[in-house]
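Two complexes follow with chain A in common, the first pairing it with chain B and the second with chain C.
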Partner chain A sequence: MKFVVLTKAAVPLSSAIRIDPKTGTLIREGVPLSVNQWDRDAVEFALKLRDKYGGEVIAISMAPPSGIPALESLIGMGVDRAILATDRAFAGADTWATSFVLAKTIEKYVPDYTLVIAGEETIDSTTAHVGAQVASHLNIPYVYYVYDAEIHGNKVRVRRFLEDEGVDEFYEMDLPALISVAKGTQMPREISLLRKINARDRIMQATNKELGLDPECVGLKGSPTFVAGQTGATFPPRKRKIFAGDPRESVKALVEELKKEGLL
Partner chain B sequence: MSSKFDVIVVGAGPAGLAAAYKLASAGFKVLVLERGREPGSKQVYGGRIYAYWLDKYLPEFRKDAPTDRWVRKERVSLMTDESVTTIEFEVVKPEKTSFVTSLYSFTSWLGKLAASAGAKIVTEVVVDELLRDEKGRFIGVRSGQDKVYADYIIDAEGVNRLLLERAGIVPRLKPELVAVGAKEVLKFDNRKIMEDRLGLSEDEGLAWAFAGWPTEYLPGGGFLYTYRDSVALGVVVYLTAWRQLVTPVYDLAERLRTHPYIARLVAGASLQEYSAHLTPVAGISMAPPRFSYDGLLIAGDAAGFLMHAGVLIRGVDFAVASGVLAAEAIKEAGRPDALSRYDDKLKSSFIIRDLAAFRNADKVLSGQFAFNDLPKLVNALMRNYFTIEDRPPTIASALKTTLGESNVSLTKVLINMMYALAYL
Partner chain C sequence: MPCRLWPPVNKEEYKGVWVYLEHDGAKLKDVALELLGKARDLASKRGNAPVGGVLIAGTDEMAQEAIYHGADEVVIVVNPELKVYTPYEYANAIAKVVAKYKPEIFLIGATKRGRELAAFVANTLTTGITADCTALEVDPKTGDLLQIRPTFGGTQMATIRTPHRRPQMASVRPGVFPKPPRDPNRKGKIIHETVELNSRKTAFLGAEKRIEHDIADLPPIESSDVVVAGGRGLGSADGFKLLAELAKLLNGTVGASLMAVRAGWAPHTRQVGQTGKTIRPKLYIAVGISGAVQHMMGIQEAKYIVAINSDPNAPIVQNSDYAVIGDYKQIVPLLIEEIKRAKGIIQQ
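Coming up: the complex of A and B.
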C-alpha cells in the first residue's frame, strides 16, 4: 500500500509572520520554514497505517528548496521517501494552484497510491482548502477531521468526532481516497538520528521540467485568488509600565490597571 | 544504513566546523551533529574576529568569508551615569587585522565550506552522551535511542560542555569560571546614519568596549560593534557578580541602550535580535585535565580556549585554530590511541602560550578596581580638570581634588592601575 502524506513547509511562529505592505502577501523570504505543526499529525497517522498494513509512506510537498530540512525531519520520523515539487513558476500560488501541483505530482510519481493524507490546516494560512482541492483534482472521495482509519480490502473506514455534538461519525469510502487528520489527535513520534543522517538520499526534487505543467495553471498565474484589500490590526502604542517590587502587590496593581483599561 | 564514520564532531560552532572542514578535505568521512536548526543558530557573541591567526590556520576566509566591516576604530570608554571618558585608537592607514561580522554568518559560511568538502552536517540533533567501550576508549555518541560510532570524536560543544561533565572529564561549571552576556542587535534603516553618528567611513568598523556603569560597576563590561547596517550592543557580566546586580541580567542590554549617551547614538534603530549566552572567563584555568583522550579531542570553548582580556572577549580565533589542530592531530595519529600529540600541538601553539599569560587575568579583573574605582575616578578627574570654576585646573590639582573626594589612596590607584594595564 502507498500512503501519500501532504506536508507544507510553513512559516513556523506567528511572530515570524510578516506581511508585505505593498502586495499584501506573506513574506516567506529569509524566514526559516518548518513542517506545518498539524502535518506532523498527518505523518504520524500515515506511519501508523503503514506499520499496521505494510507498504510505504511518501511525503509530498510544494515549497522552495528551503523546505528540504523540513522534509529531512519527516524522513527522521520514519517517512520512507519524500518528493519536493519546486520551481520558480510555482511561486505565489493560492490554494487552487497549490493543490493542482500537488495532485499532478501524485499522479506522476505515485500513480498507484492507496490513500492521500493531509493535515487539517496550516498554521500560516489556515484555509483548510488544500486537501479538498487535491481530492477534487484527483477526482477521489474525501473526508475531513479524521481521528482514525481502518482499511478493509479496497475500502477505508474512518471515524471522525464532532466536538460540539459529542458524537462519532463513521464513513466508508472506496480507495483511493483522501482524508485530512484532525489536528492534535496524534502523538507524532520522535525523530531518529540514524534515519536523519541519510535523509537527503531519500528526497527527490521535481521541477516543472519533470512535471511539465501548463505555466498558466501554476503559481501566481494559475491562482484565481487575488488580494482585493486588507485591513491591518493597528497596534496601540505600548504603555511600557513596569510593575516592580513585591510580586503579589505588583500583580494586584497590574490587575487593577487592566480593569481600568476595560481589558478585564 | 551506515552509522559508522571516521570522525564525529559534536557542535557546529567555529571549532567543530573548522575541524570538520579540514578532515573532510583530507578524505575523512565526517559527521557533524548540531542541536540548533542550522550551524550558527545557537551562537551568541559580540562581534569581532581577529584575522592574524585565521590567516595561519584558515586562510580560506580571506577569499569569501563574510566580513561586514574591517575594524578601523577601537574605543574604550569608562562610563558613569553622568559622564563618559573615552580613549580612541585609530591607525592612519587602514589595516585588515580584525573584522566585525555576525557569528551566525561566519559560522554558516564555515558550515558551507565543511559541507562542500564532504562533511555531513545533521542539525536539530542533541547528543546526549559520549560512548565509551569497556576499556574507557571513546567510540561514538548517543542521541536518544540512536548510537553512532566513529574512530575519533571531537567534542566542540561550547562552554556548557554537559557531555564532558557527564563523561566525568570536567566538574560542573562553577560561577567563578563563566560570565553571562546579553545582547541586542539594532538595525538602522540607513547605514549612512549609523556611520555618521559613529564617525565611520563606508565599510569601516568600530569595536567599542565600556567599563563601569553598564555592569553596575561589577566585573564585566559593555560592548558595541558595527555590523553592515546594524550594531550589536550588549553587556557581559561575571556570574559571580550576578547576585549583586540590581538590574536582572536580561535587562542589562536594554539598560545600556537607554543610557542617555548611548540612546542618542542608536535612536531610530529597530531591535532585530535579542540573545544571551555564557562565556568562559577563566580561560586555561577551566581547561579539562587533558585535551586528548583515547578516541576523543576537545576543542574551542569546551576546552576553555577563550581570552577574557578586560572588557574584550576573544574566542573565535582560538576555536578555529584548535579545531584545525585537532584535525591535524587526527590526520597524523592514524590511530585513536595516539592523539596525545594534540596536547603537544596546543602547547607549542599560540593558544596555550597566550592563555597561560592571561592565567590570572580573571582574578585581577574581578576585583573592584577596574570596574568600579577606575571609571568613577577617571570621570571625576576629567570633570574636575575640564570644569572651570574659581581655581585654575591642572591635572595634578584635579587628581588631588578627585582623590580627596573619593576614599582611594594614590598609591592604591597606581598599583592597581599597573595590574589592570597588564591585562586590559
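Coming up: the complex of A and C.
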C-alpha cells in the first residue's frame, strides 16, 4: 500500500515575515522553513497505517529548496521517501495552483497510491483548502478531520469528530481517497537522528522539467486568486480606561462605567 | 494565454450573489442567514442583483426562511441520493447547481462542513476561493469582490481578488456578519432540482453523539450578548466556576482562550479567536487572558472589552475599554458583589 502524505514546509510564525511588494505574497526564499506543525499529525497517522498494513509512506511537498530540511526531519520520523516539487515557476501559487502541482506530482510519481493524507490546515495560510483541492484534481472522495482509519479491501473506513455538532461520524470511501487528519489528535513520534543523517538519499526533487506542467497553470500565473494588498492587522480603538490600585475601588469604578454605558 | 485547463469565462453571464444554505436537518444554520444578509448588501452594490441560495436535502420551510432573510430564489436539491451528508457527493452537487445558475459571487459558511466543501466546489468550478473572510466589499472601480482575510497568524490583513474567474468565492466563519432581520412579507421563488450524481464514492455509516463535558449549562458563545472568558491566568478549572457565576449574573456565557482549552479547563467549542470562534457580543470580559493577536482576532467586533489581569503590561490592557489590574481571585468576587448591588439583588 502506498500512503502519500502532503506536508508543507511552512514559515514558522515566530519568524519575521517579508511580503513581496509586487505580488503581495509571502517571501519563502531565504526563510528557514519547518514542517507545518499540524502536518506532523498527518505524518504520524500515515506511519501508523503503514506499520499496520505494510507498504510505504511517501511525503510530497511543494516548496523552494529551503524546504529540504523539513523533509529530512520527516525521513527522520520514519517516512520512507520524499518528493519535493520545486521550481521558480511554482512561486506565488494560491491554493488552486499548489494543489494542482501536488496532484500532478502524485499522478506522475505515485500513480498507484492508496490513500492521500493531508494535515488539517497550515499555520501560515490556515485555509484548509489544499486537501480538498487535491482530491478534486484527482477526482477522489475525501473526508476531513479524521482521527482514526481502517482499510478493508478496496475501501477505507474513517472516524472523524465534527466539532460543530459534537458528534463522531463514520464514513466509508472507495480507495483511492484523501483524508485530512484532525490537528492535535496524534502523538507525532520522535525524529531519529541516525535516519535523518542519511535522509538526502531518500529525497527526490522534481522541477517543472520533470513534471512538464503548463507554465500558465502553476505559480502566480496559475492562481485564480491574487493578493491585491496587504496591511498589518489593526484593532478598532478602545477607550483604554485602566483601574489599578485598591481592588474594591477599581471594581466600583468599573461598575459605574458599565452602568453608564447601559451594560447592566 | 491563461491556463488551458480553465474553460473560458464570459463574465457577463454571471449575475447575482448566492449562498450555500447549510442546515442541520431541522433548520438553517445561523451562518447561512448571516451570509444572506451580506449577500443582499453586496447585491445592492451590483445593481440590485438577485440573491440566491443552494439548499441540499432541505425543506420548503427552510427555503422560505431563507427568503424571509433576503433570498430572491432558492434551489432545493431533492435527489434522494443526497439525503445524508457526504463531502465528495455534496461538493459535486453544489458545484453543479452553481454552474447552472452562474452567480457572480458564491459564499459558503466556514463551519467545519463548509470548510470541507468550499475548496472542492471552487476547484470543480475552476475558480478561486478565499477562506475565512472577515470582510467582503465590492470594488467600486472594477465591480470585483474584495475578499478580506487575516493571514499569517492574524498579524496581517490581505485583500484578495479573483479577477478573471467566476464565480468569485469566499468562505466566512459563523458570527462574522450580523444576522439580517426576518421579514415575513418578503417574496421569493423556490425551485426544486434533481442533480444527477456521476458516481457515489462515499457512504455514511453513522454518527455517535459525544458527551463533551462542558463548564456549566450555559448558552453557546456565538449567540450571547455577554461573554466572560478565561485564560491561562485562571490557573485551574475551578476558576471557570467563578466565571460562570459572573456570566449567569449578566445573562451571559463563558468563553476561553486557546491556552485554557489546551489545559483542558474548557471545551474547544468555547474557544475564542482565530482558530476558535469569532464573536460579536455587547460585552466581553477577558479574565487572565493576555490578549495575543490570535485571540483578539475573535473579538474585534465586541462592543465593549473589559480586561481583568494582574499584569498592567499585558497587551489586552491596551486593547480594552476598561481594565482592572489585580488578581482575578480577588477582583471577580468583588465584581459579582458590586453588580448584585447595582442590580438591587443585594442591599447597600
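Operating definition for what follows: the second predicted complex is superposed on the first by the 217 of 264 C-alpha atoms of A that agree within 3 Å, B and C clash if a C-alpha of one lies under 4 Å from a C-alpha of the other, contacts with A are read in each partner's own complex, and residues count from 1 in each chain.
Heads up, the rule we're going with is that a contact is a pair of C-beta atoms (placed from the backbone, for glycine too) under 8 Å apart; a residue touches a chain by one contact, two chains touch by 3 or more.
Predicted, not measured: the structure shown is a model, and the values here were computed from it.
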| item | value |
| --- | --- |
| Chain B versus chain C as contact partner of A:R157, first or second or both or neither | second |
| Touched partner set for A:D174, first chain B, second chain C, both or neither | second |
| Which superposed partner A:E190 touches (first chain B, second chain C, both, neither) | first |
| Touch count on chain A, higher of chain B and chain C | C |
| Which of chain B and chain C A:S136 touches, first, second, both or neither | second |
| Partner chain in contact with A:S73 - chain B first, chain C second, else both or neither | first |
| Touched partner set for A:D148, first chain B, second chain C, both or neither | neither |
| Touching partner for A:E216 - first (chain B), second (chain C), both, neither | second |
| Chain A-facing residues of chain C, complex | 1-6, 24, 86-88, 91, 111-113, 115-120, 122-124, 126-132, 146-147, 150-165, 201-210, 212, 226, 250, 268-269, 274-275, 282-283, 293, 296-297, 300-301, 304-306, 312, 317-326, 330-331, 334-335, 338-339, 342-343 |
| Residue ranges of chain A touching chain B (in the complex, touch as defined) | 32, 69, 73, 190-198 |
| List of chain A residues in touch with chain C within their complex | 11, 13, 17, 19, 24, 26, 94-96, 99-100, 123-133, 135-137, 140-145, 157, 161-174, 177, 214, 216-217, 221-236, 238-245, 247-248, 250-252, 254-255, 257-259, 261, 263-264 |
| Interfacial residue positions of chain B with respect to chain A in the complex | 1-3, 31, 33, 37-38, 120, 122-125, 143-146, 148 |
